[in-house]
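First chain A sits with chain B, and in the next complex the same chain sits with chain C.
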Partner chain A sequence: MLVKLWQALLSGLSVGSVYALIAQGYYVTFITTGALNFGQGEFLMIGALFGLTCYVTLGAPYAIAVAASIALLSVMGAGLERVAIRTTLRHALSLSWVLSTVAVSIIVRNAAVQIWGPEQIKFPSPFGDRVLHIGPAGIFPQELFIIFGAIGTVVLVQFFLRRAVLGKALTAVAYNRNAAAVMGINVQRMVVLAFVLSSALAGLGGVLIAPITFAWAYMGTVPGIKAFAAAIIGGLENPIGILIGGLAVGVLEQIFGIINSNLKEGITFLFVLLILAVRPTGLMGRKEIEKV
Partner chain B sequence: MRLPVFAHTGPRDWIRFLAVAAVVLALPLVLHDPFFILVLQSLAYLFIVSLGLDILVGWTGQISLGHAGLYAIGAYTSALLATRAGWPFWISAPAGVALAGAAGALLAIPSLRAKGPYLAMVTLAFGFMMEVTSNRWQGLTNGPMGISGIPAPTLLDGEEMTPTQYFWLIAGVALLCQLLVNNLLGSRVGRTLLALRGSEIAAQTVGVNVYRWKVLAFVISSVYAGLGGVFFAHQNGFINSDTFVFALSVSFLTSVLMGGSGTLYGPLAGSVILNLIPTVFARLHEYHLYIYGGIILVTIIFLPDGIVGSLRKLTLMRRWRRMPARIEPEAGALAFPSAHAAGEAMIQARNLTRDFGGIRALNRVNITVRPGVVHGLIGPNGSGKSTLVNVLTGLYPPSSGEVVMQGKAMGRMRPYQMAKLGVTRTFQSIRLFGELSVLDHVMVGYHLHLRAGFWPHLLQTASAVEEEQLFRRKAMALLQFVGIAERAHESARNLPYGQQRLLEIARALALQPRLLLLDEPAAGVNPTEIQRLAKIIRDIRDAGVTQVVIEHHMELIMGISDVVSVLDFGEKIAEGTTVEVQRDPKVIEAYLGTGLEAAHA
Partner chain C sequence: MRARGWPRKAAWSLIAWFGLAAAGTALAAEPIKIGFSVSLTGGTDDYGKASLMGFKLALKEYNAKGGYKGQPVEGVIYDDETKPAKGVENVTRLITRDNVLAIVGPVNSGVALAIIDIAQKQQVTLMDPIATAEDIIKRYAKEPKSYIFRVSLNDGIQTSFMIDYIQKKGYKRIGLMHDSTGWGQSGRDTALRMLKDANLNVAAGPEVFDQNDTDMTQQLTKMKDGNVDFIISYSLAPAGVQIAKSMQKVGLRVPWTSTWALIAPNFLKLGGKDLIEGIMTVTSYTIDHSENAKKFHAVVEKEYAADAGDFHPVATAQTYDATRLVLRALDKVAPDPARLEDRAYLKEVRRQMRDAVEGIDDFTQPVTKMKPRPFSPDNHESLGRDSGFLAVWRNGKLVRAE
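And now, the complex of A and B:
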């Protein structure tokens, strides 16, 4: 039993760090615009499939495939902002962006089916399939790479937001849009940047995770939604909360997977409902006091 | 701009409704093609779901990304009871609907306080949970293999219904659903939901129990979704997990937005058009999802009001706009029989302390408000005046100390509970109910005095309609009292600032309060209006209502107050008559700083 738990913890951390990576993308756009991309999972899928094309079909090195996916998704992020976000953000129904980003995701998924077909495609890991042993549990090198790659990226993103001039400008927009504009920051450009960054993270997540799942057109939806759940559990405005939420969801699923594989699929959603009933802004979110 | 018309179903509405009903029910007589009848059945039950969803989206401002889950509950419950337990449709169907309604009530709990994406997550998580359940809990649902042999409903003689008869059943129920929605949303229920959407806090201060009303909206919406699911299951004879997916929830939501959320007939238009698209584009099925995604995008971007909403904008221009009938103000609406209270204190703050994080906004404040007086509350900005009012009205719980109302300690009271005791207020930053008309704002104020509830309004009984009319006349009298009666039918949003403040007073008076707290009623009000405000406050006192008034306008506060308390840095530094307070050196210091001599010393 203990071995199983240890194994679940390791696998959970690797899946969870991908959730955390995607969720970090939700965080970046949420703080700047109050909106997020409901098709983040589809963007992850494009990252995986495009990476596959570069790595397998074209024979490029894995690093180049990763870079290419990130580049493609950055462009798609800018496009998404233009088509689905800028057009709907001022609507009376405050959640119009939910449907507009879902619509984009439907179109993107259909395109992926036409380009890559509906089948699951194996994405060979650049690190081979030899199982490493950490204590009594086994882990693929790719899984280790995911953990370090994803968490490292999350840290880098935070570093960027807090230290780099461009990142600080983005954070300033997040704190106070109008004040940032008065200070000469191009708010619109920062919003685009936020969506570029968010989409790039999804693309990276895709190439990272594909070797341990499969790459196919329908791979993205569920991780995208679970990453959203992770962000909500942690608290959308709290980057640390999101990281912990992502890892927790990954581990939680694996642990419940020991008991019952069906339970594994549903537990995250049950968990998020229970948490929201008690804490409406997530475990580590800011508690809103409405000023009167 | 959307102005709901709460004028009741008149003959014209009935004619329009019956005409639509006749056309709908006659459709299968004209078009005999079996495929077409099947499509009609589907349109009818999908419409029911959209109609229910719009109660959430259009009227309470909640989004639901999980309606497929409620639809699934209705479908599976009825299908399982019919196939495994052998229940007849007429018993299994209500069971399915009831279970969906119960799920909706549960779903309301996490939805109560969650906002924005957090709120979206609630329904999304629920939808996915149901999706996983239908797919994975094979012992119950048989997963993708599904449940087959679900019987069609039977007639009285035991014969199974023909497709046309089944269509009549579904369409008849759908029409009834529309009628009930028209009644409900065109009445007090819709008005209260819109008020909640506009400002939950303001609605609470006139006694609306937010939680109960949100649960109501969720339950009606879920019952409709369950109904749709039941009809679906018994139409197909077979259901499996492929149906109840996120994409279905998206399609329900799209149909509402496409038709126009918050319009009575938007869901009808939206669901018919959206659900006909796959039929029309059947030959292009490879591109179906492109078309579908494109349609959602175009709808959201270019038709934010939906089809019906946009059409109404056009027609609202002139001709079709119903001029509301003139309403004669009711005499005696300003008598507050319960107001005159005996006893030493109307309300007391005892050692009241309130902290926000590390900041102490109120520090052991003791204030006694005697009955029947105007009690002024002054102090520099940030001195804790508004916090005091917020704690007294139950908006914030005190960190320590207690609020005592007529000798009884209040404990943890919510604003709507304080409203039941006759305590209400106005707001420093004006809180109106979105697009409700001026008159409807006051009508919401009468919330606790309206006796007719859900069922009378659902059925539009004579007593409900009469009560509504009586209170309209009363509301008119209150508007006349504060001097804005001539603007009764305008959207409150369009009133100038000063009149919005007066409207807040009228809304609060509709509660027939014993204690009224006015938070800076003169802020942003012009000098002539301030004269009128002073008279209004005196008249309210003469009617026996105790008032606490926060104000920076010294001339006003000194002119109307019987007692004045002064706060500074969260502490009470002085109290007394206006003359006493003005002479108090501590008060002068708080407002003007230390004197020159003191500064030099």
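And now, the complex of A and C:
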């Protein structure tokens, strides 16, 4: 039983850290604009497929492929903000961004089918295919890389938001838009930055997981939804909660898989419902106090 | 003047119009059409595209030899997008608007189960070259006249090859896995029934996984704990690769097989030849199992060099034979093309097509393994237990499992 749990923990952490990475993208845009990109999963897919083109077709080193994917997705993030967010957020209570980001995600997916075809494509891992054994459980080097890469990035992003001037400006906008504007911060630019950062995280997630999941046009949907679930579980406004939520979703799926493989798919969403009923702001979210 | 002239003008133009219409039919009689509806996009498009190669090739050869009474036979090709509803739409259109004499397709079992009802009700022969669900043929097998035929190995026959192999090798503890699709679940039921009939013990499972799962370690740990010595898995190529990878993770080394889903070329591409070494699958056809097959393979390679050659040989070969069976029936029925506009006559010809397919007894040049008389009134499965075998991946090539 212990062996099984250990294997479940390792496998779960590698999937979960990618959920955490994507969910961090939801967080960054949600705190600044109250909107998020429902096409995060599709952006992840573009990151994977574009990385594949750089790494396999063009023969670039993996690091360059990762950088290229992040660069492309940053541009796409800025474009998304211009096309699907800025136009719909003119009214404070507008929810049209839900529809517009979903629309963009469908367009992106169909475009990917046209460019790369509908089938799974192998993305060879730069670290080879030899299984490493940690205790009694096995793990691919790529999976270890995913865990360290994803968690490291989440920490870096937090460091950026709290220490760097640009990051502090972004946090200020999140905290109070009007006050930030009065203090001379260009709010519009910070909103663009939030979407650039969010999309770049998705792109990085894509090149990280593609060697495990294969790269293909439909790869993003499930991670996108599960990361959203992770964000809800952790609390959309709490970065640490989101990190824990992402890892928890990954590990829980595997642990319930031990009991019964039928439970694996549904358990995340059951957990979301449970959290929403008991703690609507998420595990680590602060309770909202409305002063009248 | 103008007022008095118009009746005559009208009369003349009416005569001219009738005359032209008559001349039109006499000059170009509506060509004889065979319908073709498979998945060219969507989940099983791999099989569909390869199937289309076989269909086109069979028609091309037939027409090159003079076609039907000197006229080329036309193939009406539709894509069902691997969606049952789209398949229903296609088949309805083929029958009611395109006036086809028979239909070849589809690829996907889910689509097939949705469209056989229409073909049977409208009395149009449906020749399925790929789909494997047992129920496709079974559903109307008890009717006095079933219009559904198949040139493919059904799931039951495929599983029987596995069981034969297990018994030959003396494996005792069998593990069972399947994906959560309808195909995977019906495969599980078939396997459980046949294992029980063979007095074989299911030592672990049935364990289920999603067809896009990337980690199968939990399911495989249970296989390991159950001390299985052989695993039957109903998995498509991508999941098959993930099973092989996760087996390495949990350190499980036992022989295992899926149905013919793992002959898909994508399995080799995704897994690489080292990873899939020793994994078994079912096949009805290898590119060199007979002289006919060798010749056919060479033709396909040449014809489709631009599409990376013979990329899914089994699907192409089965559709090629299926289409030739339909064309053979057409020659036997020998309808009058000029009269096919007449619906009553068209319906009669379609009924005769069915009887002719069932009665073919001179099909001596198959590229798959079938008898000269592939069908009979109580058997609409042309490929049987003697038409296929368990194959194993060795060094990137499929060879017979010994």
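Assume the second predicted complex is superposed on the first by the 287 of 292 C-alpha atoms of A that agree within 3 Å, B and C clash if a C-alpha of one lies under 4 Å from a C-alpha of the other, contacts with A are read in each partner's own complex, and residues count from 1 in each chain.
As a working rule, contacts are C-beta pairs under 8 Å (C-beta built on N, C-alpha and C of every residue); 3 or more make two chains touch, one makes a residue touch a chain.
If you're wondering where the values come from, they're calculated on a predicted model, not measured in any experiment.
*Asks:* For A:Leu236, select first, second, both or neither according to whether it touches chain B, chain C, the two together, or no partner.
*Replies:* first
*Asks:* Check whether chain B or chain C contacts more residues of chain A in the superposed model.
*Replies:* Larger number of chain A residues touched: B.
*Asks:* Have a look at where A:Ile244 lands relative to chain B and chain C in the superposition and call it first, second, both or neither.
*Replies:* Neither partner.
*Asks:* Touching A:Leu73 in the superposition: chain B (first), chain C (second), both, neither?
*Replies:* A:Leu73 contacts neither chain B nor chain C.
*Asks:* Where does A:Glu265 make contact in the superposed view: on chain B (first), on chain C (second), on both, or on neither?
*Replies:* So A:Glu265 meets both chain B and chain C here.
*Asks:* Is A:Ala194 touching anything from chain B or chain C once the two structures are fitted on A? First, second, both or neither.
*Replies:* neither
*Asks:* With both complexes overlaid on chain A, does A:Gln254 touch chain B (first), chain C (second), both or neither?
*Replies:* second
*Asks:* May I ask you to decide whether A:Gln120 touches chain B, chain C, both, or neither, giving the answer as first, second, both or neither?
*Replies:* In the superposition, A:Gln120 contacts chain C only.
*Asks:* Would you check which partner chain A:Leu21 touches, where first means chain B only, second means chain C only, and both and neither mean what they say?
*Replies:* In the superposed model, A:Leu21 contacts neither chain B nor chain C.
*Asks:* Across the two complexes, find the residues of chain A that touch chain B and also touch chain C.
*Replies:* Common to the two interfaces on chain A: residues 262, 265.
*Asks:* Which residues of chain A touch chain B once you look at their complex with the stated criterion?
*Replies:* 30, 34, 36, 83-84, 87-88, 91-96, 98-100, 102-107, 109-111, 114, 221, 225, 228-229, 232, 236, 262, 265-266, 268-270, 272-274, 276-277, 280-282, 285, 288-290, 292
*Asks:* Can you list the chain C residues touching chain A in their complex?
*Replies:* Per the stated touch rule, the residues are 41-42, 45-46, 180, 207-210, 212, 214-215, 217-219, 221, 237-238, 241, 245, 248-251, 266, 269-272, 275.
*Asks:* List the residues on chain A that touch chain C in their complex, please.
*Replies:* Listed in rising order, the residues are 3-4, 7-8, 11, 15, 118-122, 129, 131, 137-140, 212-214, 218-219, 222, 254, 257-258, 261-262, 264-265.
*Asks:* What residues on chain B touch chain A, complex-wise?
*Replies:* That would be residues 57, 61, 63, 65, 109-110, 112-118, 120-122, 124-126, 128-129, 132-133, 136-137, 201, 246-247, 250, 253-254, 257, 261, 286-287, 289-290, 292-294, 296-297, 300-301, 304, 356, 386, 390, 395-396, 427-429 of chain B.
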